[in-house]
Amino acid sequence: MQCLPLFVEPPSNMPFTYERTIRFSDTDAAGVVYFANILSICHEAYEASLAAAGINVGQFFCYPKIAIPITHSTADFMQPMFCGDLVKVHVTPKEIKDSEYEVAFEMFGVSVSGGEVKEVTEFLTARAFTKHVCIDTAARSRTFIPADVMRWLQQWGGTGATRDMDLLL
Amino acid sequence: MQCLPLFVEPPSNMPFTYERTIRFSDTDAAGVVYFANILSICHEAYEASLAAAGINVGQFFCYPKIAIPITHSTADFMQPMFCGDLVKVHVTPKEIKDSEYEVAFEMFGVSVSGGEVKEVTEFLTARAFTKHVCIDTAARSRTFIPADVMRWLQQWGGTGATRDMDLLL
Amino acid sequence: MQCLPLFVEPPSNMPFTYERTIRFSDTDAAGVVYFANILSICHEAYEASLAAAGINVGQFFCYPKIAIPITHSTADFMQPMFCGDLVKVHVTPKEIKDSEYEVAFEMFGVSVSGGEVKEVTEFLTARAFTKHVCIDTAARSRTFIPADVMRWLQQWGGTGATRDMDLLL
Amino acid sequence: MQCLPLFVEPPSNMPFTYERTIRFSDTDAAGVVYFANILSICHEAYEASLAAAGINVGQFFCYPKIAIPITHSTADFMQPMFCGDLVKVHVTPKEIKDSEYEVAFEMFGVSVSGGEVKEVTEFLTARAFTKHVCIDTAARSRTFIPADVMRWLQQWGGTGATRDMDLLL
């Protein structure tokens, strides 16, 4: 992996998209996805976005030199999701400080209707944010965002507009 | 259960406390409790506080006339928690509107040290808030907080101070 | 959906295959997939095989006229699985009685090595069986396997060889 | 911890008992405890039985010198369990070889009825077995059951009768 020259791949402002079918184990006795599992599904999407940027997810999460734990999360739950539903999660990471980034998640349900001509509609079911801080595990202190994570931020990162949206929540 | 006259049982300002041992299934490959499971443990504490106020938890959550889904959550993760750790969760509910309440959770780790004379210290590991909206499931519209939930709010409810703390987050 | 004439689509003896990346939430503090989550992943594969046979998974699991609960499960855990690993699950259902079927699951890890020429090897990580009994939920008694489930059994069902393998466990 | 002389504490044949309230997160959209979560609850009971024998559960499970993974599990699901239900899990471990043990779990629902005089009835909801093999993590080979685990086996261990029951399954 090399540093990508800007003219080859400019920040696309296209978020990473993760598709997932809601499974029976995601649901609770109210018949819908259990609220904390929605954050788990967002984390799955985060993992998939890291892998899609060439990051080895196993090494990233499990006893790395630089650990990047979640220090804060928020979530808004708009619509219930049901077993068998297809959902799409848009993942938009954003650098906040040189040791800190946040990830915005927007989860959409996908509904298909109609006969001969199918009509596909997407509707927002949940929105979440997670904040992540880079920690040097040996020194137990904050450290810079690693180079491969910086590339991931550039690859899937949003513009200021995304951050503004966050502030409106 | 009758409505409690205020002079008999004034709001105690004592939060409900739930004790829980961290289990292996709560943890992830980083060796600590998985972030979304911290919200699950808070929800367990919420369930226990409802049961302690005489509410039938099975009926409360599963296809009731008035559903009270979580519409928003926030969480701050201060300290990692490990398999075998004892944690205490303080649960402080608070009415926001006549159809809406929030619940504040403070999770403490409990550490015991010393020889003959034990020293017990508690330290804040996580803090979370959940917002809940009462929905008439037949009419599919907002409705009033039910009477038994009002009693639970009075029994474990916090003062304005708690809400101020929330605003500072 | 109509009953498939045998000459158009004979029993293929090809099991249904489900692909899945191991996620961080699947793991525990020993750094590998938590044992009970392996059964959850098998159930996901079962759900995917049902959906691939045209069955509406949401209706199938949630308060149906005929409930088909799992009454028995066995599992053998051969190899640990790690966050980021790709796994394939082969799903082979088999009718046992007119009210009962079992599903065999074989989970394989996929390992890719080599430079110019990639070498892909698959290795068995776990094997599981689940037994399912059809219950008429109104009458609370055993009932026949429904027609759409019979078609699923025909579509992905194994031969006697699979059952023999089961007996050797 | 010293080795307990046999005349002080003979094998009690009393299983360890773990009490647990079924939580909302244990359930699925069929309104009952998700099948794989029943195995998780059994594992919680196993952890509690280890802790009650003086074993540090955190060290036991997380990167120990001797790892004791589960290599096999079976489970029978007799009765559904619902959110809010109280369950008791009896834990009966048994040595099989010098490097191997199994644990039998019996899960009972507890039902309370009646007015002035309460009547408490317990009914079997699930039964499970797990097999565990001791592995020297450095040498990557089978090794003897460690001394503290042998004491746990003696403290909560069953008689041959339990093993016979297993064979009948």
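Some points to look at:
Should a chain be cited, it is by its letter among A, B, C and D, assigned in written order, with residues numbered from 1 in that chain.
The working rule: a residue touches a chain if its C-beta (ideal position, glycine included) is under 8 Å from a C-beta of that chain, and two chains touch if they have at least 3 such contacts.
Owing to the predicted nature of the structure, the values given are computational and were not obtained by experimental measurement.
Interface residue usage between chain A and chain B, two copies of one sequence, is largely shared: over half of the residue numbers at the contact are used by both copies. Comparing the centres of all chains, each the average of its CA atoms, the largest separation from chain B belongs to C. For the pair chain A and chain D, the distance between mean C-alpha positions equals 37 Å. Centroid to centroid, with C-alpha atoms defining each point, chain B and chain D lie 29 Å apart. Looking at chain C, residues 24-25, 27-31, 34, 36, 40, 43, 61-63, 82-83 sit in touch with two or more other chains. On chain A, the positions that touch chain D within their shared complex are 24-25, 27-32, 34, 36, 82-83. Contacts from chain A toward chain C in the complex involve residues 21, 23-25, 27, 31, 40, 43-44, 47-48, 51, 56-58, 61-63, 82-85. Interface residues of chain A facing chain B in the complex, by the touch rule stated above, are 28-31, 34-37, 39-40, 43, 61-63, 67, 69-78, 80, 130.
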